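Next up: the structures, one after another.
What follows is chain A paired twice: with chain B in the first complex and chain C in the second.
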Partner chain A sequence: MRVKKISKSKKKEACTAYIFLLPLLAGVVMFFIIPIIQSFYYSLTDYKGIGSGSFIGLKNYITLFTNDIKFMAEARNTLVYVFGSIPVTIFLALLIANLLNSSIRGVGIYRVIYFLPNVMMGAVVAMVWKWLLNSRYGLLDAVLDFLFGIRPAWLSDTSLTMFSMCMISVWSGLGYCIVIILAGLQSIGTTYYEAAKIDGANAFQRFTHITFPMVTPTIFFLLITRIIAAFNQFDLVYMLGGEEGPVQESIRTLVFGIFKSGFTEYRMGYASAKAVILFLIIMIITFFQFLGEKKWVNY
Partner chain B sequence: MKKKHFCILLSMLMAVTLLLGCGSDDSNSNANESVVETTKDSEETKASGSVEEKAPVTLTMWVWDDAQVPATQAMIDEFHDMYPYITVEITSIAGMADYNTKMRAVVGTADAPNVFWINFNLAKEYIPMGFVQGLNEFIDNDSGFNKDGLNASIIETYTVDGTLYGVPKDTDGFAVFYNKSLFDAAAVDYPEDGWTVDDFVETAKAMTSEGVVGWSNSTSDRVYYNFMYAYGGSPYTEDGLSPNVNSSESIEGMQVLLDMMNDGSAYSRADLDEMGSGVAFESNLAAMTIDGSWMISEFYTALGDNLGIVELPEGPNGIASTGHGIAYATTTTNPFMEETWLFLSYLGSDAAQEKQIEVVIPAANGCASIWESVYPDLNLAAFTTALDHNKSYLAVKNATAARSAFQEHLANMQSGMYDNAREAMDAAAQAMKDAIDE
Partner chain C sequence: MRKEKMMKGIIHIILISGVFTMLLPLIWMIITSFKSNIEAVAIPMTIFPKKWDFSGYIRVWERNIIRPYINTIIVSAGIVICQLVTASMAAYAFARLDFPGKKWLFLAIVSMLMIPQHMTLIPKYRIVSSMGLVDTLAGVVVPNFISISVTFFLRQGFMGFPDELEDAAKIDGCSHLKIFTTMVIPLSKSILTAMGIMVLLFAWNDLLWPTICLNSEKNRVLSTFIGLCKGQYVTDYGYLMAASTCAVLPMIIVYAIFQKAFVSSITLTGIKG
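Coming up: the complex of A and B.
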């Protein structure tokens, strides 16, 4: 077995590199890694936010899975939200990005318009939509009433609230996905399209056999990041649902549950346990996504 | 070689910039060093009786309302004139949640503020923790401090086992706000002080018409508690350890309000979720709303001369208004206890309390009439009479969690999840008991 000797100059280079990384690494460790480990520790105690909590082992977790119907509802709502909004967002983004990839007049302006929602803060988006969807004075219901004579209560009818939240989320997330996919589309060489046109492929066939396969890495990236972001949805839930009530119960997500346990009821240990569970859920889903990567992503 | 040194220097710089953000200030340690000198000085000067020789002391004060900073600063300036060697610095932290989180982080450390605002919720958590300084000793030794001049109910809430833990700053109360123009349009007489709950229900029904609702309803537990008291019930038992929301008197009070909602003279939960009660009232969509004294300036800005105020309606057991008040408190680890007490004593005086009448109702009883003159056209006396029957509304333990439990069941009741108030309150009582006992 031969051990490769690293030359002295390479060692010096590596040293410099590490020194440069040190400040950032120190920050990451201090503000992310250590609090995460602390969180794992607190989830095994009954810490109340003040003083110190006493160690109670896995009691928090047992309560979570056997005695907490709200937690089950939160998990269910979060899954519905994730699978209800992300696929739609990415599918629409793919279509729209494809259209924006052409060189029609004013395409720059269209791109700006589609990206604008992403620039707005979550809380602002929620406030504006709260009034747009108001069943008495909102714009959407005014139009629907004029056209069809119906005024659905988008934000107070509990069977519609989840749909409304997904809709708002799609609207605001579309811009980001479009920009990323657009970048991915523009890296596809025109030679493929030319060859396909010569072979007599129509637009639809070009899309399914060239565009889509070539853009799968971008879609994979978007799926991973957007799903993780969707699992962390809090803004919309809090702004649309308030602190309690039937509306909040119909859309409450895992992160909202963490907020409620930790900052309204001051059961920090319990909230930490919920956070750990969320962490595990996201990790498992991301793991399965990476497993599937080899099957459908072409590099 | 030079390049490498430059690289190392650059990384050092980056590291320093990173640490600058999380450094704690050194002013406290300097101040601590000067404590020894100050106390020595003040002991000497106490003997000699002169105030001029004291070393300067800086006190830190934490508040959570930006709108009240000017009034607080005015108090600080007057206090500084009285005791030139004491300077007070205000830190205003926006939002209760942030304030609470920050307090919990610095409690017991040298960064804790010397004077801080405390409210009922916080008092229930902080006082049992043991870091709030009891003030009895200082009050007994200070002839200038008039405890009886401050609102009795607020004093009572901040007194635990006979020890007072805070100097009451302000108080609040509930009253009924009504929209004069809507009453004129419907040709209904304005409500008058001394009216009963039956009058209230009748008026709401009479005022409900196309596009206008009689009473905006409310998502607040305090509004509903007022009616519980009016019927002889209460949210908690005398000792504050168990819920009393399912006593027959409490349920009677709740049922009256639930009936109003069911027959359309008050907004349903769905309406409240889409548009808050305050917004509805300000937009001329609700003829009456029940809200606290802190809403006066907002409602006055929205409705101007059309705003009318009347006392809460009387029930079989009279009127009650759940009152809440902020107090000034200090920590047990405060190195400047003497100076802080001088400040606290001043803050409890009429002279100091007067300075905040534009924004809150002072807890000093002597300031009530001055407060009423802030809006001479409005019937502010409706609030000051409410101060006489201030009632408590918090549990003794786990108050926030118990409140949260009630709010949830209130929301469910308002959404029609239960057939009547009895079912709702039985469920609420169970949830509140679980929260308190945890």
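Coming up: the complex of A and C.
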């Protein structure tokens, strides 16, 4: 414990603290608190970007749920995208991180390369994959055609577009998860494994009884943060979907819907209602994850 | 022993095939960028360019990519500097100073991390537009001048210093400002670099906010410059891949140089606070 100081220096310290906090607080109020409150308010108005719109109660929400097929598709697409990409990413990352952690050479190099897609901007990731997956001139289809004689239209056949987007998302997000899981694995003491080896546990048993339970906090952390990040996905939808049409409708997510309603149709009140729904979905999912945490996460 | 060697061999084969998958899109991007547009879409396709062709890059140059480059550098530098300054100041207050309401204030601010970032797009746009900053580079920087997560991680870092640091400095008559600028900041170079890189990556790559905020040609940033090419039926792939290569190259170079800081920025954010 520190020695109790005279109140004058304490006052001065508090004063300094508030001054140091001022810029952050100003930013939090201006770009977090006020916008959050406004989002809720606008969702109850027909705000169009000019003036302040008039209060229309829950009409936006009623329209969303009863009279907007596109919104329903957006909500469904968002959920399919989130749950089609994040679990796969984390599973593959867990697998690769485990291989990297098996005292082999060149871990550093592998990690550098696996992480590389993460530094690329989403717009470029989308562009490059659009080229790779092009059904006429793309590399992947040339290989598939040569091997099996098929040419799937990855990004224009609407039954495949969502799958392709998830695949691209796994590719670009894998490295981040590997780095985090690997750090978690490396912090597990070797004594556990030595003891298990003496007891005659095989590699699979060591994984299920030591490794996995020890990295559950890391996996939980990744699930929470990656799922929120996936809900915020915009770049891939914007770049892969084009301006209008069935392809765009097959992959457009809620965030894209907010963008579209708000900034191309200028129905900003309506877009705010979508934003509130997005917020609620994320809250509910995160809440249930924390609820389920005790069942499988070990600390 | 032999069995173990074989196991390691298998592990390497799996990992190398993964490496191949990770690198292939990048390599294909670079290879295509050196093909003429005719060769890029030739059937049967060629793997390596028959003739190394720079016309893609020439067209990128002609469409004036320099402007987006400069704009992106300005915007990224602005965001990185603002966030590091505001976050380290606030982190210092939270980590090293005593003041009434500290615990609650910190909790309240950290709870904002739960808010999905794109929920507030519309009010944010209105605020930026009422400041007269729509279609200016400042309009991209201003809503991003603080970062709660960077504050959070810097606070974690600053809490690691021993109390003696301040006690000794106070006996010498140093003010908090002086302790902050002459001791805490210089001692935190590695975590500041890690955070700076994390922010740089976000600022350089962000597409949504610049798409909303900027619309004139002179204010384009690299991500929106690439975004222009999203049209479904663009077929000039030599050009597209050259532009893509140009847009990601700086971050790949930064990554190659600061590879360690990248990894530590990630593992840092991965450790539960």
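One rule holds in what follows: the second predicted complex is superposed on the first by the 276 of 299 C-alpha atoms of A that agree within 3 Å, B and C clash if a C-alpha of one lies under 4 Å from a C-alpha of the other, contacts with A are read in each partner's own complex, and residues count from 1 in each chain.
We take it that a residue touches a chain if its C-beta (ideal position, glycine included) is under 8 Å from a C-beta of that chain, and two chains touch if they have at least 3 such contacts.
Keep in mind that this is a model prediction, so the values were computed, not measured.
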item: Superposed partners chain B and chain C on chain A - clash or fit; value: clash
item: Contacts of A:V247 with chain B and chain C, given as first, second, both or neither; value: both
item: More chain A residues in contact [chain B versus chain C]; value: C
item: First (chain B), second (chain C), both or neither touched by A:T218; value: second
item: Touching partner for A:M72 - first (chain B), second (chain C), both, neither; value: neither
item: Chain B versus chain C as contact partner of A:S102, first or second or both or neither; value: second
item: Partner chain(s) touched by A:I113 [first = chain B, second = chain C, both, neither]; value: second
item: Contacts of A:T16 with chain B and chain C, given as first, second, both or neither; value: both
item: Touching partner for A:L278 - first (chain B), second (chain C), both, neither; value: second
item: Which of chain B and chain C A:A195 touches, first, second, both or neither; value: neither
item: Contacts of A:L58 with chain B and chain C, given as first, second, both or neither; value: neither
item: Stretch of chain C, among 98-106, 116-124, 170-178 or 242-250, that runs into chain B once the two complexes are superposed; value: 170-178
item: Chain C-contacting residues of chain A that also contact chain B; value: 16, 20, 23-24, 26-27, 30, 49, 134, 136-137, 242-243, 245, 247, 263
item: Residue ranges of chain A touching chain B (in the complex, touch as defined); value: 12, 16, 19-20, 22-24, 26-27, 30, 49-51, 130, 134-137, 153, 155-157, 242-247, 260, 263-267
item: Contact set on chain A toward chain C in their complex; value: 2, 10, 13-14, 16-18, 20-21, 23-28, 30-36, 38-39, 42, 47, 49, 96, 99-100, 102, 104, 110-129, 131-132, 134, 136-137, 139, 142, 171, 174-176, 179-180, 183-184, 217-218, 221-222, 228, 231-232, 234-235, 238-240, 242-243, 245, 247, 255, 258-259, 262-263, 268, 271-272, 275-276, 278-279, 282-283, 286
item: In the complex, chain C residues that touch chain A; value: 8, 11-12, 14-15, 18-19, 21-26, 28-29, 32, 40-41, 43-45, 85-87, 89-90, 92-94, 97-100, 102, 105, 109, 112, 114-127, 143, 145-146, 148, 151, 163, 175-177, 180, 201, 204-205, 207-208, 211-212, 222-223, 226-227, 229-232, 237, 240-241, 244, 247-248, 251-252, 254-255, 259, 262-263, 266-267, 270-272
item: Interfacial residue positions of chain B with respect to chain A in the complex; value: 4, 7-8, 10-11, 14-15, 17-18, 22, 97, 101, 104, 107, 125, 129, 219, 269-271, 273-275, 400-401, 404, 407-408, 411-412, 415, 417, 435
